[in-house]
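Read from first to last, the chains carry the letters A, B and C; within each, the first residue is number 1.
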Amino acid sequence: MIRAVTEQRRGSPMIVLFTDFGLEGPYTGQVKAVLFRTAPGIPVVELFADAPAGRPKPAAYLLAAYGVWFPPGTVFLAVIDPGVGGPRLPVIVEAEGRWHVGPDNGLFELVMRRAESVRTWEILWRPETLSASFHGRDLFAPIVARLARGELPDHEPRAPGIGRQTDWPDDLSEIVYVDRYGNAMTGLRGNLLSNDARLVVSGCTLRRASTFSDVQPGEAFWYENSNGLAEIAVNAGRAADALRLAIGSPIAVLR
Amino acid sequence: MIRAVTEQRRGSPMIVLFTDFGLEGPYTGQVKAVLFRTAPGIPVVELFADAPAGRPKPAAYLLAAYGVWFPPGTVFLAVIDPGVGGPRLPVIVEAEGRWHVGPDNGLFELVMRRAESVRTWEILWRPETLSASFHGRDLFAPIVARLARGELPDHEPRAPGIGRQTDWPDDLSEIVYVDRYGNAMTGLRGNLLSNDARLVVSGCTLRRASTFSDVQPGEAFWYENSNGLAEIAVNAGRAADALRLAIGSPIAVLR
Amino acid sequence: MIRAVTEQRRGSPMIVLFTDFGLEGPYTGQVKAVLFRTAPGIPVVELFADAPAGRPKPAAYLLAAYGVWFPPGTVFLAVIDPGVGGPRLPVIVEAEGRWHVGPDNGLFELVMRRAESVRTWEILWRPETLSASFHGRDLFAPIVARLARGELPDHEPRAPGIGRQTDWPDDLSEIVYVDRYGNAMTGLRGNLLSNDARLVVSGCTLRRASTFSDVQPGEAFWYENSNGLAEIAVNAGRAADALRLAIGSPIAVLR
């Protein structure tokens, strides 16, 4: 699958994990063990270990927003994979110099759609031992490690139709993530919304603010978060609790 | 306790943490600080930070199943230690080239029982400052670091009777871990159960499947997980919630 | 802000994170990505990712107790920052060779008060892009990385009045942290309390013990924990649940 030929890469290699594996149980640890053994010395960063569990659609908007913060040369192991062990294909997606490895269930749809240049490969390599339920460890992590070392797929990329979900919108009017402070991220890019745009959730209409300290304690608002997503928050409070928001909650935009 | 003599080891050294310390609070961080200082450059992997809290018995079956996935040369800091500060002994267990450091409360019973070759040492070394409640940091981590660097105990191993719990069964018919997806791992090795074996939990009789995509959404089943344990799951659901399973829940096997 | 001049430092550099960012979501991962890029090869330890959320006062007592365990030369990224984006100042605090970077909201008050020598700088440097809500990533992490590499502020330290909360007590008679075992740490230093001192919480009067195995299962007590704080615990139980303790719960001391 991978040949020992080094492509000239821009940027410094770093491996970034975007999964629903959690950190405390055995899954991330085993993935990191594979990466440390196969790509020694390359830093591994856990970006999300609590991405939307088993839900590639909201995860796709989250990955697209957070991935572009990393420089070209970064290799993402992105695994939200409810169909593991079934017929879905394992893929490599290279988009503007960032490499992504994971299942073809739409998780990379927004990364591909927003990139100027995209190459896609089906992963044909299989390990000697492939468990039915943990491709993150057995199949994706070895590929990630070899890409991070500068190796390349040994066959031609496919036309980038693999793993597409062309019916998904460019921005998703839903909650895609709730963080530990109770802030609720949407699948909407903040810079595409006007300063006057209001978001309607759970019957409440929220105006935009720059950040928490711009509003009164207890007041709900939305703002463009540090990775560009419109995010619903309450100053000194928990927006998701106050407004009963969870992944998938719908949002209306008043422009 | 440890002499600066290097034994020829197979495999690459890696330090693996198996604890109930959690990751977000201060315990794992302080252990890693000791390891980074004392064994610089050796990778540290958190395998379980949420192993069964204060319960060495289910933890022992979990450790035995997950530890053998790592190559010889790996050093495990394994601390489930409800008796810290009491009379239990600190030990080193070497089993088929894997090194384990922790308390002698039975946590290594299944590792020892399943290994072809075992050596065991009581840890006689004591640090200058030994807290009463955090031997993971003060006593076990320095020993782990020195073993990972290739140092060896400076006295003869004891007969491997230390820390044994010979009355524990070879496989445990109980839930030993519930993961973040709500899947419930048993202490039973899947490859010792026939394809027709059924597991009875909470009054439900479950058949074997290969993996999630082999059954209908919402259907409960059991399968051999990626580290060899029989695991109870629900496709697109949470088995532990649906079947009211927790660590210690009993299982009956119909062969 | 920082000049490329190396000060002779004692001890080995290590970066320590003390935040309320959590580990599973995107915040700690992005901070670590900045640190790995800017200070490659320097170990990063997560000490607390669940320090008291948005509450600098209890966090200050926790940081002071846990920070001194680390050797001089350690650089702390300490961010409990409810006023991010507002007028609070970003600061560097050097106390007995340990470096601290974060907001001037009192988080370093006890570190400063207990140190024999302190230097304080306002951070004047600003990154090209500074988000309104994530100074931990954009402002504090780059400074931490450069301090860890041995660089120094390029202007004179201020008199150490910046960020002080001189009205806070020397020891805080409140719960400052509840750990995963349900143990409740106080803001009181155990070595300043007599062996006969009793702590009164939720109407219960607790005596001192050396550690868990000194009392009966189910019995509540207090002890000096492995970092010197008086901590309330129940042998084989969860003190915070049994005694209804949370961060901020008051404690009375009977000496």
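Rule of thumb we're sticking to: a residue touches a chain if its C-beta (ideal position, glycine included) is under 8 Å from a C-beta of that chain, and two chains touch if they have at least 3 such contacts.
The structure displayed is predicted, hence computed values, not measured ones.
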item: Angular offset of subunit A relative to subunit B [C-alpha, multiple of 5 degrees]; value: 120
item: Numbering shared by both copies at the subunit C-subunit A contact, with half separating same from different; value: different
item: Centroid distance [mean C-alpha coordinates] between subunit C and subunit A, Å; value: 31
item: Touching two or more other chains - residue numbers and ranges from subunit A; value: 22-23
item: Subunit B - residues contacting subunit A, complex; value: 12, 14, 16-17, 22-23, 43, 45-50, 66, 69-70, 177, 179-181, 210-214, 223, 225-227, 236
item: Subunit C residues touching subunit A - in the complex, by the definition given at the top; value: 20-30, 32-33, 36-37, 40, 53-54, 82-86, 131-134, 137-138
